[in-house]
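Look at the two complexes coming up: chain A is in both, with chain B in one and chain C in the other.
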Partner chain A sequence: MSASFERGMAAFREVMDSPIASFFSSCVHCGLCAEACLFYTETGDPKYTPIHKLDPLKRVWQQEYTLLGRLGALVGLSKPVTEKELEQWSELVYDSCTLCGRCSMVCPVGNDIAYMVRKMREGMSAAGVAPEGMIGATQRAVTLGSPMGVKLPALQAQIRAQEAETGLSIPMDVQGADYMVLLSSMEVMNFPEYIGALGKIFRQAGVSWTLSSKAFEATNSGIQIGASDIAAELVQRIVDAAEGLGVKTVISPECGHAFTAIRWEGPNLIGRPYRFEVKHILEVLEELRQAGRLRTQGCDERPLTFHDPCQIARRGGVIEQPRNLLKSVASDFREMEEHGAMNWCCGGGGGVSANDRAEELRLVAFKRKKGQVEALGVDTLVTACANCRIILEEGLEHYNMDVEVVGLTELVAEHLIEDDK
Partner chain B sequence: MSAMDLLLWSRGPGLAIAVSIFAFGVVLRLFEIYSLGRKADLAKPRVNTKACAGATVWRRMLPDMHILRRSPITYVAGYLFHFGLFVVVFLYAPHIKLIESTLGLSWPALPSALVDLVAVLTLISLVVVLVNRITDPVKRLLSGFEDYLTWAVTLLPVLTGYMAYHHLMFPYQTMLALHILSVELLLVIFPFTKLMHAITLFISRWYNGDIAARKGVQS
Partner chain C sequence: MSEPDKSLFDLLAQRGVSRRGFLKFCATTASMLGLPPSMSSAVAEALTQAARRPSVIWLSFQECTGCTESLTRAYSPTIESLIFDAISLDYHHTLQAASGDAAEEARAQAMKANYGSYLLLVDGSIPLGEGGAYSTIAGHTNLSMLKEVAEGAAAVVSIGTCAAFGGLPMANPNPTGAVSVKDIVQDKPVMNVPGCPPIPNVIVGVVAHFLTFGALPELDALGRPKVFYGDTIHDRCYRRPFYDRGLFAKTFDDEGARNGWCLYELGCKGPTTYNACATLKWNGGTSFPIQSGHGCLGCSEPKFWDGGGFYTALSTPIQPVTGAAVTAALAGAAVGAAVAFGNQSTKGKAKAAHTKVTIDDLEKA
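Then we have the complex of A and B:
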């Protein structure tokens, strides 16, 4: 038995809590969670049943935290978890789960399975069975400050380009600004127009805002791979920068898991509440719209729909805001049959997009989103997560679908009234 | 041991032993769950979660309509046997009399002929869920000895009750004794198997609802 395996088992024991014990106690093996999981519905392979992905964790609970299990272990009736099994389960825990949490919404006994997969990854990561791609992303996040290796000069170059395009100046390190804006590497590299869009919107709304040169990266590979110490370090960088600048609110970007990391897990990771608020960009935009500070004109007339990023909608509670914003700038907004808190994942969340070996499976799972889009007959797909956006674009291209993917913030910015230039 | 002796034992010492193990087991299992504890959530919640968590406890009684369409047998047979168990256990006149004699509580019974029909439906739906468990690839993968044991131990009290009522196979006293013993077996294994979900689902639904409600989602 290797030392890393022992560390993994210790991490399983570390995460064990009352919710997990109640969830495992309640499971009746009905298998309904499978019907909620796109990795099962699109492959038909029973091994992708969400609760099955937790089998090693369940056995540790059963054998060490229940009387009957302990008696069974004493007389040698139980099957201890092995290192080989953890290696086998790596695919189930990392490749075939995006932490989308759909299974957690339908379980008849109320098991929050995504909560448990997140916890199980702590043990899998400690045991050294996390996928190479995610280990690399996590290492880059720690050493370079970004999972994609995007450093400050790269951001500065993109900012200069956006400033040239919009004619606005993008504020950096402004002491005492109201809002500190975070970005994702994906946005910096692939969708820098998000930065320009924010500049335009905040100028019209008269918002005092800033970026931080010390902490602009919002994504957090630590919560995806399941390494709480690393996740805490990444959150701490943002907290130090925000509290150093004395901002009132930190804005999480168009990225799903970044919002979960900074809004919901962050205070627990660093062990204290923040001295600032955290809001998702869509929450801020909707507040500005309702206050009459975000004024738009004209409507996009293309038939379009909205893809809810799981961590922003189902696991983040930002559901109405994007719809209100979209309806203010689009005249033919069509809702997918299952949307909002019951949306279907793009297939690339929870670190799956950083995990190369999962690519083939991810494209199979994308058939679910493909079907949803085809059923509506739209040619534009709006979303609010740079990661979803890349995954959607790759999926659409793979299946030769002529559908454009657009970021909601940029769509809103395109319709701003520009009278007061 | 005569049939009468068996009946007397099952009604006396047998019942006392079974109820004691049941009570001890349930308290132990609840202790095992709650003693693990739960870290306080330091993230500022969106809403007061208590009402939402309570709502989740009730909402999960109802199916998600899309999942219902994908897996109708699980839901229909599942509802039928749970509902059937409730009727035969709590709305059959002799059972109510037993409860009245021990706890002093009483309520109206359904006509025995109707309970009899419900018992047949319950048995049929239990057979359906078993066949479904064996033939459905997902359920078969998730199933082990415990799943078949709990199935059998759930079926036996209904079956023996039905047989006693209709005076089938054995003399009434023998069948009644077997019926009571089967219930005692159920009580004994209840806390240590997935049958415990009848109690812990209120805990897990509450946690689920609480976790989601903090984020502003009704789960």
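Then we have the complex of A and C:
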């Protein structure tokens, strides 16, 4: 038994809390969660049944936290969890789960399975069985400040390019601004036009905002790999920067799990409430629109649909806002049959996109989204998460589909009324 | 009591019931029984054909006559009561004009003339204590009379909760040793029409069914016709939406009571009581207990009298929790506390042993 394994088992014991105990004891083994999981529906392999992915954690609970389980363990009736098993389960816990939480929605007894997978990853990462790709991303996030290795000079170069394109200046480290904007490194490297779009929107709305040179990265690999200590360190960087600048609100970018990390898990991780608010960019834009500060003209006439990022819609509750925004700038918005809280994941969330060995499975799982898009006959897919966007683009490319993927913030920015304010 | 040569329709016409009124009644009865509309003519035919009308004998044992009252004491004479007057009801303590030997003679005659085909209706429970001495009629115990008359009956219908389930006479401590009809008659089809009293339309409905089809309707596990006892009062109650929203009257004169909220917390037994009160209602469809502001007592269920206070909510225990139950609960709590303590220490140890996870720890050591 390795030191890592001991550590992982200790982490399993440590994460066991009353929700997990009640979830495991109330599971009726109905298997409904299987049909809710795109890794099961697209492969038909029963090992991808969400509750089965938790089997080692469940056995630790049974053997060490229940009376009958303890008695059984005393007389040698139970099968202890082995190191080899954890290695086998790595694929189930990381490659075939995006923490999308769809299984939690259908569970008839209300078990939050995604919550448990997140907790189980604490033990898996401590046991050293997390996928290499995610370990690398986490190491880069801690040492370089971004899972993709994006450092401040790279961001500054992108900002300069956007300033040149829009003719606006992008504020950096402005003390006392109302909003501090976070970015994901996906956006910085692949979709820098998001920064320009924000500049245009905020200028029209008259919003005081800033980026921080100390903490511009919103993504949190610690949450994805399941290492709360590391996640807390990454959140702390943002909290220090935001409270240092004295901003009122921190805006989570078009990135799914970044919102989960900073909005929901953050205060628990650092053990105290923030001295600022956290909002998702879509929430901010919708507030501005309702206040009449976001004035648009014209409509995109292409048939288009909206892909809900799981962490923003299902886990984050931001469902109405993107639809209101989209309807204000698009005339042929079509809703996928299953959308909003019951959307289907792109297949690359929860760290799967950083996990190279999962690529093949991820593309199989993408068939679900492919089918949804084909059923609508649209040629434009709007979303609000840079990670979803990359995964969607790769999937569409893989299946030779001619569909363009657009970020919602940029789409809104394109329709702003130009004035010389 | 009836004039066997005349058809039921003639008898009704004599008493001022129009043909239209009678057919309306037949259609209502058919729909009440859950029969297709086309069957209303079958009901009418069955009821008017004197030849096919079997003799009915009604025996009353340990009872209060409330069931007969329910049937006959309407504000105005209903077709239900007239039909009962008109069928060949050959023996009924309360309704028959004859008395003494003449009455018993009428019973003997009816039994002889219709042996094997008459319908036996019973209200009241049968006392077995002291050799049945608690209730006798013309020198016969209720037990011997029931056995004798049931012998030649085509079917037996227990009218009211006393006959169906023992009812009030059987309530704890059951001084007379009362039992239900079904406890005695086991070789004949027995249908229970419980209620204290049953709804008159229900009594007539099941009799009409027997007259029309020559058989009893489909019964539930307690021998009650499913058409009338298939749903709980609660499921059909007009106050159900308040229950679903968690709006309850807490006393009989609070805001909730005035707003007509659910009476569950005031002891309404609607959720466990199968009967048709909420749909058919009483007094010609005027109202039913819950509509008048009082919870259901559960009178059509077995042992309703011993089922805890009428004004305590269903969720409260019927008897004080004592003895073995308390010991078991305490033992359970102690085991639970011990397990919780053990779990806290397991988790505490793991927590205490926690060292900060750094990026170096992610690789296997």
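As a convention for this text, the second predicted complex is superposed on the first by the 419 of 421 C-alpha atoms of A that agree within 3 Å, B and C clash if a C-alpha of one lies under 4 Å from a C-alpha of the other, contacts with A are read in each partner's own complex, and residues count from 1 in each chain.
To be clear about the criterion, a residue touches a chain if its C-beta (ideal position, glycine included) is under 8 Å from a C-beta of that chain, and two chains touch if they have at least 3 such contacts.
These numbers come from a predicted model, not from an experiment.
Visitor: Please tell me, clash or fit, for chain B and chain C sharing chain A in the overlay.
Guide: Overlaying the two structures gives a clash between chain B and chain C.
Visitor: Per the contact definition in the header, classify A:Gly128: touching chain B only (first), chain C only (second), both, or neither.
Guide: In the superposition, A:Gly128 touches chain C alone.
Visitor: On chain A, which partner touches more residues: chain B or chain C?
Guide: B
Visitor: Between chain B (first) and chain C (second), which does A:Pro19 come into contact with in this model arrangement: first, second, both, or neither?
Guide: first
Visitor: Check the residue A:Gly298 against both partner chains and state whether it touches chain B (first), chain C (second), both, or neither.
Guide: neither
Visitor: Now for A:Ser2: first (chain B), second (chain C), both, or neither, which partner does it touch?
Guide: second
Visitor: Kindly classify A:Leu67 by the partners it touches after superposition: chain B alone (first), chain C alone (second), both, or neither?
Guide: Both: A:Leu67 reaches chain B and chain C.
Visitor: With the two structures laid over each other on chain A, which partner does A:Ile225 touch: chain B (first), chain C (second), both, or neither?
Guide: second
Visitor: Going by the contact rule set out at the top, does A:Gly176 touch chain B (first), chain C (second), both, or neither?
Guide: In the superposed model, A:Gly176 contacts neither chain B nor chain C.
Visitor: When the two structures are overlaid on chain A, which partner does A:Gly246 contact: first (chain B), second (chain C), both, or neither?
Guide: Neither chain B nor chain C is touched by A:Gly246.
Visitor: A:Trp264 contacts which: chain B (first), chain C (second), both, neither?
Guide: After superposing on A, A:Trp264 lies in contact with chain B but is clear of chain C.
Visitor: With chain C in view, single out which of the stretches 98-106, 152-160, 170-178 or 206-214 of chain B clashes with it after superposition.
Guide: The overlap with chain C comes from chain B residues 98-106.
Visitor: Once the complexes are superposed, what residues of chain A are shared between the chain B interface and the chain C interface?
Guide: Touching chain B and chain C on chain A: residues 16, 65-67.
Visitor: Under the touch definition given earlier, write down the residues of chain A that touch chain B in their complex.
Guide: Touch residues, chain A against chain B: 16-23, 25-32, 34-36, 40-41, 46-47, 49, 51-52, 65-68, 104-112, 115, 263-268, 271-273, 277, 313-319, 338, 341-342.
Visitor: Touching chain C in the complex: which residues of chain A?
Guide: 2-4, 7, 10-11, 13-14, 16, 64-67, 70, 125-130, 135, 138-139, 142-143, 225, 227-230
Visitor: Mind pulling up the chain B residues that touch chain A in the complex?
Guide: Touch list, chain B to chain A: 28-29, 32-34, 36-39, 41-44, 46, 56-57, 60, 63-64, 66-67, 70-71, 74, 78, 136-143, 147, 192, 194, 196-197, 200-201, 203-209, 211-212, 214-219.
Visitor: Considering the complex alone, what residue numbers of chain C touch chain A?
Guide: Residues 335, 339, 342-343, 346-347, 349-351, 353-354, 356-359, 361-365.
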